[in-house]
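In what comes next, chain A is part of two complexes: it sits with chain B in the first one and with chain C in the second one.
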Partner chain A sequence: MTNAQSQRARSRRWRAARSYLVLTVLAAAYVAPAYYLVIGSFKPAADVLSGLGGFAPQHLNLDNYRSVFDSLASDSTGYFWQFMTNSILISLAVVVVGLVVNSMAAYSFARLSWRGRDKSFLLVVALVIVPFEAVAIPLLFMLNDMRNSLLVQALPFFANAFSVYLFYTFFLGLSKDIEEAARLDGLGSFGTFVRIAVPSAKPVFATVAILTFMTTWGQYLWPSLVVSNPRYRPLPLELSVFSGQMPVDWGEVLAFGTLLILPVLIFFVAFQRFFVQSLASSAVKG
Partner chain B sequence: MKHRKKAGASVVAVTTAALLLASCSSGGGGTSSAGDGTGDVEVWAHQGKDTEVAALQDAVANFNASQSDINVKLTLVPEADYTTTIQSTSADDLPDVLELDGPTLASFVYDAKVAPIDSYVSQETIDNATVGNVNQGTLDGTLYALAQFNSGLGLCANGEMLDAAGVSYPDSIDSAWSADEFLSALETLAAENDSGYALDIKENYGLGGEWGTYAFSPLLQSAGGNLIADNKASGVIDGPESVAAMEAFQSWMPYVDPDEDDAALVEGRVAISWCGHWLYPGYSEALGDDLVILPLPDMGDGTKSGAGSWTWGMGSTTKQGAAAGAFLDYLLNDENVKAMTTANGAPPATESALAADTLYSSGGPLELWGQQLGAGCNADSITDDCVTVLRPLTAGYPVITSEFASALAAIATGDDVQSALTGAATAIDQSFADNNDYE
Partner chain C sequence: MSNPTAESPRRRSLRWNRRELPGVAMATPGIIGLLVFVAIPFLVAIFLSFHNAQLNSPRAPNYIGITQYTRLFADAQFWRALGNNLTFAAVVIPVQTAIALGLAMLVNQRLRGISVFRALFFLPVIFPMALVAVIWRLILARSEGGLLNSLVHFVTFGQVGPQDWLGNSATALPSIILLSIWQGVGFQMIILLAGLQEIPQERYEAAQLDRANRWQQFLYVTLPGIRNTLIFVVLLTSILAFRVYDQVYILITSGGANRTATQTVLYQATTSVFDQNNLGRASAITVVFFAIVLGITVIQRRLVRQESEA
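Here is the complex of A and B:
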């Protein structure tokens, strides 16, 4: 090996080492809060906020989890598993109905010809920039009679402009040849959508499902306005049982936080393969 | 960070707007009726400490077991969301009996969400309530709420550390530290302590929240100022007396421990803690006989302190007034008041329970707070003798507390006192002008 080759090899190794260092620091920055959340959930409150000592895995026990379950275990407070079930039902309803409604709307915008289609699509796209907070008040009045139900927590979120946009961009990129062949074989618009477009769109369905589930799971403002009965409260509202009192028991807050993110984590892991596929295909498309 | 603040602010703004509009839409009011004194009674309360929850659940279970005519159904809502939940619920959907945070009562009367209770609760119960309790629940001469307990506020200090530093301290309401004496004590104590701190003002509770108003607006009143007078904040909250009080407060900040772990006093990082009654059990256990209870500093017009807490009212559209009244009579009897105040350490808000209390009555370790509560008054009628001042009984209180607490938080971080208070005064006056003085 010549001197020049040896220098180039050293330089490559050095560059690789620097890259790994930067990536390691970035990865640590992302992982550290999650680690702190989980490890803190097993520690006494006094040990949680002890500077860098908060990261040390010491004095671990299940007391915080016991406290969380004990605090939410009566008819008057409601039950932890009841809140969890409510959140799962609401989130799944929004995901399932949302996938059906938004994908069909997007297919209509992308593939069907009807008067006012483009203007309607522009209107839908414009809705992406309207924050939920801006429509919360009118919604509160429109749906006030449905207070204290699971439906009122899901209904405003079925139709989602951003989901429509994601589906729309995907359907636009689908080859028209297969769809035309299907039509020649006698399939109508709905049949083509169900048998041709949907099976091809698994990655975007997964992406929309994950994004919708995560957003719905974390809803706080809307349920806090429309739900008072413990029977219908979703899990995130109960966080304030532990964080809303002074002094805050940070161990309990972190235990509740850990329990709160578990279903999201499971959902993400279940669909991540499609999610990554979707991201990769988007990246390729540029 | 800025983005987050904006997002947080927008959520708060929307919630507030929604609640205001929901309040306006509630309408109604004054449609309560006694019923036949039997049947289901729906009750809402805040989900506070586990011990408080247990005391209330026991009271409900015992009441239901004690008779067969009335069945109380209790619903607990997390404390942080409780007031919002009532605000966003229309009057027709509110329960027969509901717990209310004392300072918010006037706004619920304004929204026609609560009913007068004097025709449903027994006269014996009303007569047994402390004066401060009745004052907190009375608006324009009508009784809307009665509480099981009140609150105590003062300074909790480590007497051994004060003695070691050679700092003499007050032993009665009349001998409260002056503002200068308090500052001098802080300087001495901070110099003696390795932490460099002397005072804990419970910054970890958030000065920008209700704690800020409850704990520090008495300083304004002690200096001769106030939050509001005759529905006007300008010239009052930002008047020279109030400004002087807040300048003194700002001068203490270099000696304040941020107290992120809520343990500054028990760990000896400070010698003095701005202290509510709920802290007493923990402090007492940690410091034992070294714990001393002191009045808040006297800013010129005598020491003043905060008062008021959760109280019980009735929904304005209840059709179960008689049954609800019977439940409130039961809730406010000695047994249940004692159970609740044992659970949360608060001073009882009934005369008989207060007289029997071993903490707050004469000779008890919290006698000073008991004496303070015995000298209470409303914010619009403060006298020299008055010590505990209720927060203003006006439907505009939410804006008053929000603006004052925000100004306080800004002052604590070094903002100009006059500008911060004038900003608060302008916002409060604007809100009152926009809402016809909340009359």
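Here is the complex of A and C:
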């Protein structure tokens, strides 16, 4: 009996060890390009494109970072901090305004009744399948006079059909009892939304915030269409300008790239504990 | 109130009563935003596709019928781009879904520190495509110093020399596929992981009592258990696969990628604007692009419905 038990324990430990081995090998291969980016950002340019030697943590220094700030510091090239500020302002605006607008609409569709509601909601659901790429060109035509501004980079992304849909499925599943009690206490529709529905929807807010921040932060197509002035350029667009000039200093480009992912990494780490469970449940339901 | 005939026309013009107004007010900003920035632009795209239109031109768009479409369908470059999109989708949809499922099952084990592995596999998802393009431009660099060339040299004991992975028409699209899967698979993994966690543990225990081996458990417990999630992931991946653009544009313009072999439908659309200032052609491409995305969605929805009825 004890013999069989210890044998089972041993096989379980053996299986765990095997799992760790598989996971570690795969994860190492998977993260290698990201490691290559970060380690390369601390190396002289000549060491970056040196084959497998590019992985070696040697000759590390901060010169690349200093050069990024030094070479992007005039009106003709634009300023690094300007690019960073542009990206942060655009992304935060899209996240904050988007959360308010889309959650409010979703609550109205899921919980309040008004004439025309179902038809309007059908429209929203239909628009979920229109990818931004399908409207980028006509939007360029419509917003041509607003080119080279921060507003034009954020404006088309505030209202988002998919965000509305994510909020909608959550609000639909919310228990009605508390809301009805709040109404009996004299809270109006908007009050019930703010005081009751929003606090219970934190995970969905976090999910939509992360998804929105990630996509807005990485946006390339739209800024490449509407921004030509370095003053309004966001980071990803500048990265392709910066890495497209010959001769390329790869160390500097990788330092730029590392700085580019830092904010989104921080944002993700701050909200990620809500992310997995909530994205998951909405996907499973959807 | 005393005069009902004066009151009733006003009632009729005021469509919503007081009880309904908060709902209308709360939905309005979202609806207006979606109308102005999604629905109307789409109609504008259809309008422009029948016109000769340019940006910053004093001339108003002039109607030219279906000329943009006939020119488009007679253009070998456009067909090549569409073909690249189809190849990309045909490889990425099954391969990325399979890898995502494999990874999801791997990180669904109850092990200490498993959340670290989940985070590591998810990491590339937060990388902007512009950055992914730069990193992989270095990995795939054609010089001896390129990471992949160096690796191939190492594992073949120097038998295989440096390759121009992005420039060679045979390896250019596979390279784009590889870096796209690397960036995107973590997202599908997380969704599938959630699906896996919804499967009750008892079903596996029951299967084990029936002496089902691992493969049988996968076939008869896991797959049926994540059916809906899997369908969602396939649908999502197909649409994302058709939207491929950033990495293609960046690698063609500054990474030495083979233009013919890697251009996609959206690349054709934006270069029509950048190089020819031809909004009509770009809009016609946009309309065709949307028709394809819509087609995929409808077909897959229908397949799903048939299966669930069967």
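Following the convention adopted for this analysis, the second predicted complex is superposed on the first by the 257 of 286 C-alpha atoms of A that agree within 3 Å, B and C clash if a C-alpha of one lies under 4 Å from a C-alpha of the other, contacts with A are read in each partner's own complex, and residues count from 1 in each chain.
Criterion: a residue touches a chain if its C-beta (ideal position, glycine included) is under 8 Å from a C-beta of that chain, and two chains touch if they have at least 3 such contacts.
Every value quoted in this text rests on a predicted model; they were computed, and no experiment measured them.
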| request: Scan A:Ser200 for contacts with chain B and chain C and give back first, second, both or neither. | output: neither
| If you stack the two complexes on chain A, which partner ends up touching A:Thr169: first (chain B), second (chain C), both, or neither? | neither
| request: Determine, under the contact definition given at the top, whether A:Ser71 touches first (chain B), second (chain C), both, or neither. | output: first
| request: In the overlay, answer first, second, both or neither for which of chain B and chain C A:Pro247 touches. | output: first
| query | Looking at the overlay, what does A:Gln82 touch: chain B (first), chain C (second), both, or neither? | reply | neither
| field | Larger contact residue set on chain A - chain B or chain C | value | C
| task | Using the touch definition from the top, say if A:Leu123 reaches chain B (first), chain C (second), both or neither. | result | second
| said: Under the stated touch criterion, which partner chain does A:Ser149 make contact with: chain B (first), chain C (second), both, or neither? | reply: neither
| request: Please indicate which partner A:Phe158 is in contact with in the superposed arrangement: first for chain B, second for chain C, both, or neither. | output: second
| said: If we overlay the two complexes on their shared chain A, which of chain B and chain C does A:Arg115 touch? Say first, second, both or neither. | reply: second
| For chain A, which residues lie in the overlap of the chain B contacts and the chain C contacts? | 49-50, 131, 133-134, 136-137, 140-141, 144, 221, 224-225, 237, 240, 243-244
| message | Quick check: in the complex, which residue numbers of chain A touch chain B? | response | 46, 49-50, 67, 70-71, 74-78, 131, 133-134, 136-137, 140-141, 144, 147, 221, 224-226, 228-230, 237-238, 240-241, 243-248
| remark: Interface with chain A, chain B side, in the complex: residues 10-11, 13-15, 17-18, 21-22, 25, 44, 47-50, 53, 57, 60, 74-81, 84-85, 88-90, 93, 202, 204-205, 211, 260-263, 278
| field | Residues of chain A defined as touching chain C within the complex | value | 16, 19-20, 22-23, 26-27, 30-31, 33-34, 36-37, 40, 48-54, 101-102, 104-109, 112-117, 120, 123-124, 127, 129-131, 133-142, 144, 155-159, 161, 164, 188-190, 193, 214, 217-221, 224-225, 235-237, 239-240, 243-244, 250, 253-254, 257, 260-261, 264-265, 268, 272, 275-277, 279-281, 283-284, 286
| How about chain C: which of its residues touch chain A in the complex? | 15-16, 20-27, 29-34, 37-42, 44-45, 48, 53, 55-56, 103, 106-107, 109, 111, 117-121, 123-131, 133-139, 141, 143-147, 149-151, 153-154, 182, 190-191, 193-195, 197-198, 228-229, 232-233, 239, 243, 245-246, 249-250, 253-254, 266, 269-270, 273, 279, 282-283, 285-286, 289-290, 293-294, 297
